[in-house]
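The data blocks that follow each hold one structure.
Look at the two complexes coming up: subunit A is in both, with subunit B in one and subunit C in the other.
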Partner chain A sequence: MNRDATGARSIPAKRSLPKTFLLSLPMMLLTFVMISRGNIPTEKGRLFALAATFVFFNILFFLMLRTGKTDRFRSILFLTLSVCFVISFISNLIAVRGSMAVTEANWIEGEVPFCHIPIPMNLIPAALTQTIIFPGTIVGGYASIASMFVLWLGVSLGLGRGLCSWFCFFGGLEDGFSRILRKPLIKSINVKWTYLPYAVLLAVVLLVALTLSPVYCQWLCPFKTVTEFAEITSFKTLIQTIIFLSLFIGLVVVLPILTKRRTQCGLFCPLGAFQSLTNKTNPFEVRIDREKCVQCMKCLQICPTFSVSAESIAEGRTGISCTKCGKCIDACTQRALFYHVKGTSLISSLDKYRLLFLYPAFIVLTAMAGRFVQDAMVKMIKLITTGSMI
Partner chain B sequence: MQLEGFILGLSSGVTCVAYCASGLVPYLLGEGKSVAQNSAITVQFLIGRLSGYLLFAVIAWSINRSFLQQLNSPELLIGPAYVIFSMVLIFYGFFKTTPSCAMTRMNGMRHKLATIWPVSLPIIAGFATGLSFCPPFLLAFTGAVERTSLLKSMLFFLAFFLGTSTFFIPMPFVGIFRGFAALRMIGKMAAGLIGLYYLYCGILMLIGGFRTP
Partner chain C sequence: MNKLKGFLGYIWAFFAFFIALATYVGYDTFPQKLAAATGIAVSPRFTGGEVVRTIDHGAYKTHIHRPVFDGLIGEREKGFIQLNWEPFAGLPPVIREKIDYDGDNTEDFLITLDTRTGDTSLTAYNTSVRSMERSYKLKKSWAARVLLQKRS
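This part shows the complex of A and B:
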């Protein structure tokens, strides 16, 4: 363990190969269980996908431990998760339904897959009417409401808003787009817009209670562009299509490229706003050592979700909306930012805190990505060999 | 459905507290010495507000009874009202930064009244808030005009009042107002987004009105 000038322990810049290997061993075992789910496939394509996924994931984790960089390797897996999710989801939809469009019949029969984003919007109607207003299956089936709720609850308790950088299968898309340019073309965004996600959450919750329908999914979700959407059969569905396409192009593609920030997550997503509250109830946080900080403001400039401000730096912590992606920690040349376990020492065991965070966070990412990466890989192999994914 | 009035009240209640209470909170801080005293003042204030709203419920019903019921397509009047007021609400939610509450413009009169009849001050302040032509109120008024009976109109405004009043509950514990700027911003933006919903409703109503033979 290194010691800095003040005698406090700091995170080693680079870990030795044997130590890194030893620390990676538990993750190898866990990722194998997560990815294989106890079954070794006999089909060659699936076996190759399993092996490639396992090696890919573990190389990334090994590098995280070896180099001390978190976001550099997390972002690769996060983008992979999102791209593979889109490939896997769309191909499955087309195989089952024949198109990405949700019909009235699917809606009535409750065959719409559920994702984590509308969870907070469903809580009030569920409490008021004892019914789930989303037209999906409660238990069983593909992406059921109960399974997504349990996953969300577990990740929220463990990682808080870390969910947005280690679990969300949509976040990687804008994270990827935000890394295209070397420098941002739009450098400053009025701070008032960082309140918009909370306003969207409040407005959507109220409208859901008023209309008892999944307002966000029907009207505002930008990710319908890459998953499923209502068939255009009326003026209403036409307007809905225009809205979600505009939001996707604006918030997930164009603005992340221009600002180098995750604008959908930081300026719009109502689940993100809700998750910010869970940041208060989980053990991990990102802290700033004010003695080491030289006020270069690099962390403030690069934070993808606008979670670092001059005030938060003065307080020695990131803002409530921090997704614990580790980008600011990687970028700080003074090593003033670090992962921390609440209620513990701020000057010692910093490397242990990082490991304590990385293990559960990476397991969550692996659990989410494992299935989609393998499935997408199998589909791509099928596309190359047969000319069709389905 | 009174739920609509309640939700509209809930959506604009944060803004209502944020702006219109700017006169009440200093009063509470200055006059109220305990939570119980502050609660009594807040209740008086809310009674005044309810009186203002009920007065408008009667006016809304009168409008409906006097000429709206004679029209073949009342949607052609109500629809544009929704469209205009929701657009004002959107503007107010995202662009307008200055307060728009009658009570805040009555400080001089309040001081005069305070010397004549001090007990009434919170009630009068509340009544002034009830008469404020802020965009959420105008939307609520349009909603009340749609109601065909006096009872329904009054119930609509009562529901609106209850929705907005939810946010006045913490008022006696004035320490909560430290985070006011953020709350005001979120409330304003949420009201603007709710305005988008009413804009859509207004457009649909207008289209429906044109289709009516």
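This part shows the complex of A and C:
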């Protein structure tokens, strides 16, 4: 283990190959179990997709351990997850329903896949009426409500708001767009905007409780653009579609490119706001060593979710909205930022803390991405060989 | 004290690892257990509520759901009732049916449904029946919703 000038243990800049291999072995085993789900496919296309996914994921994890960089490799997998999710989801919708559009008949038959974003809006109706305000299915079918609740609960307990950078299958899109330009064209955003997600959360929770309809999904979700949207049969559904498109283009494409930040996640997403609270109920956090910090403010400038401020640096920690992506840790030339396990010493075992975080975080990311990456790969092979994904 | 906090921190971190692992290992069983333990269901505003009566017409059946007035706390003044007709193969070109939705042996409305086009019409026999919402062609049946006003 390396020690710096202050005597504190630090993360080794580069781990030796044998040690990296040894530390990667458990993840190789776990990712194999996760992505194969205990079945080795016999069909050539699926076997190839499984093997390619396994190798791809484990190369990224190996490089994370070998180089000490987290976000550099996480972001590749995170973007892959989102792109493959969109391919897999849309092709599945077209196969099952014949279209990306949701009809009112689909609502009545509970055929709308559930995602994690409407979860906080459903907590009050679920507690008071034992019902979920969403036209999906509780168990069974594609993306059932109970399965999303289980995933959300498990990931929230394990990673807190790390969910937004290691699980959310939408987040990779804006993360990807935010990396297109080398330098941001819009450099400063008023800090007041960071309160907007809490306002959106409050408004949506109240509106869902009052109207007993999934207001966010019907009116505000930017990701309807790349998943599914109401069939345009009226002026109302036309307006809804225009809103979805505008929010997607504005918050997921244009603003992330211009600001190099995750603007949907940091300035709008109500689940993100709710998820910030779960950062208090999990063991991992990102801390800042004030003695090492030279106040260059690079972490403040590059944090995708506006979670680092001058005040938080002075306090030696990132803000409550930190998604534990590791971008600030990778960027800090002084190695002043580090993953930390709550309750433990701040000056020792930094590499151990990082490893303790990386294992559950990478399991979450590979388990989420495994299914979609393989499915998208199989669909793409099908498209190339037969001319149709379906 | 610091040692104890550190020890508990490590235990917590290991626990997080096992939670993450268990979440995916138990992905097939946990949702069913959660649903069974909480008794949670999809809001009747989407499902139409439980079927309370079925009228057998021989070639086809009419399913009458319970009136849905469900609110967040208590019931609302305005609601709806859903009717389903199935199977498609047995349905006549036009269904014309008088419905007693609350089971008080008094017909509340007359509904007609053109099973070729989905066009509907409604004749209300009392003031609790407001208007026709619309009809829906589902996978196995035709459905229609009639808007209701709660009786005082």
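For this structure, a couple of remarks:
Here is the rule we go by: the second predicted complex is superposed on the first by the 390 of 390 C-alpha atoms of A that agree within 3 Å, B and C clash if a C-alpha of one lies under 4 Å from a C-alpha of the other, contacts with A are read in each partner's own complex, and residues count from 1 in each chain.
Here, contacts are C-beta pairs under 8 Å (C-beta built on N, C-alpha and C of every residue); 3 or more make two chains touch, one makes a residue touch a chain.
Model, not experiment: these values are computed from the prediction.
Legend: residue contacts after superposition of the two complexes on their common chain; A:Tyr195 is shown touching subunit B, with no touch to subunit C. Applying the stated contact rule after C-alpha superposition, one finds that A:Glu291 touches neither subunit B nor subunit C. After overlaying the two complexes on the shared chain, residue contacts for A:Leu207 are found with subunit B alone; subunit C is out of touch.
Of the two partner chains placed by the overlay, only subunit C lies in contact with A:Pro360; subunit B stays clear of it. Shared-chain residue A:Ala105: touches subunit C; no touch with subunit B.
Contacts of A:Thr344 after superposition on the shared chain: subunit C is touched, whereas subunit B is not.
Residue contacts after overlaying the shared chain place A:Ser147 against subunit C, while subunit B stays out of touching range. Set side by side, subunit B and subunit C differ in how many residues of subunit A they touch, and the one touching more is C. In the superposition on chain A, A:Ile138 makes contact with subunit C only, not with subunit B. Contact with neither subunit B nor subunit C is seen for A:Glu315 once the two complexes are overlaid on the shared chain. Residues common to the contacts of subunit A with subunit B and with subunit C across the two structures: 209-210.
Of all residues in subunit C, those touching subunit A in their complex are 2, 5-6, 8-10, 12-17, 19-24, 26-27, 30-32, 34-35, 38-48, 70-73, 82, 134, 136-139, 143. Of all residues in subunit B, only 3-4, 7, 10-11, 14, 182, 185-190, 192-194, 197, 200 touch subunit A in the complex they form. Taken in their complex, subunit A has these residues touching subunit C: 30, 34, 104-105, 107-110, 124-126, 128-139, 144-147, 149-151, 153-155, 157-159, 209-210, 212-213, 282-284, 341-345, 353, 356-357, 359-361, 363-364, 367. The part of subunit A that touches subunit B in the complex is made up of residues 192, 195-196, 198-200, 202-204, 206-207, 209-210, 239.
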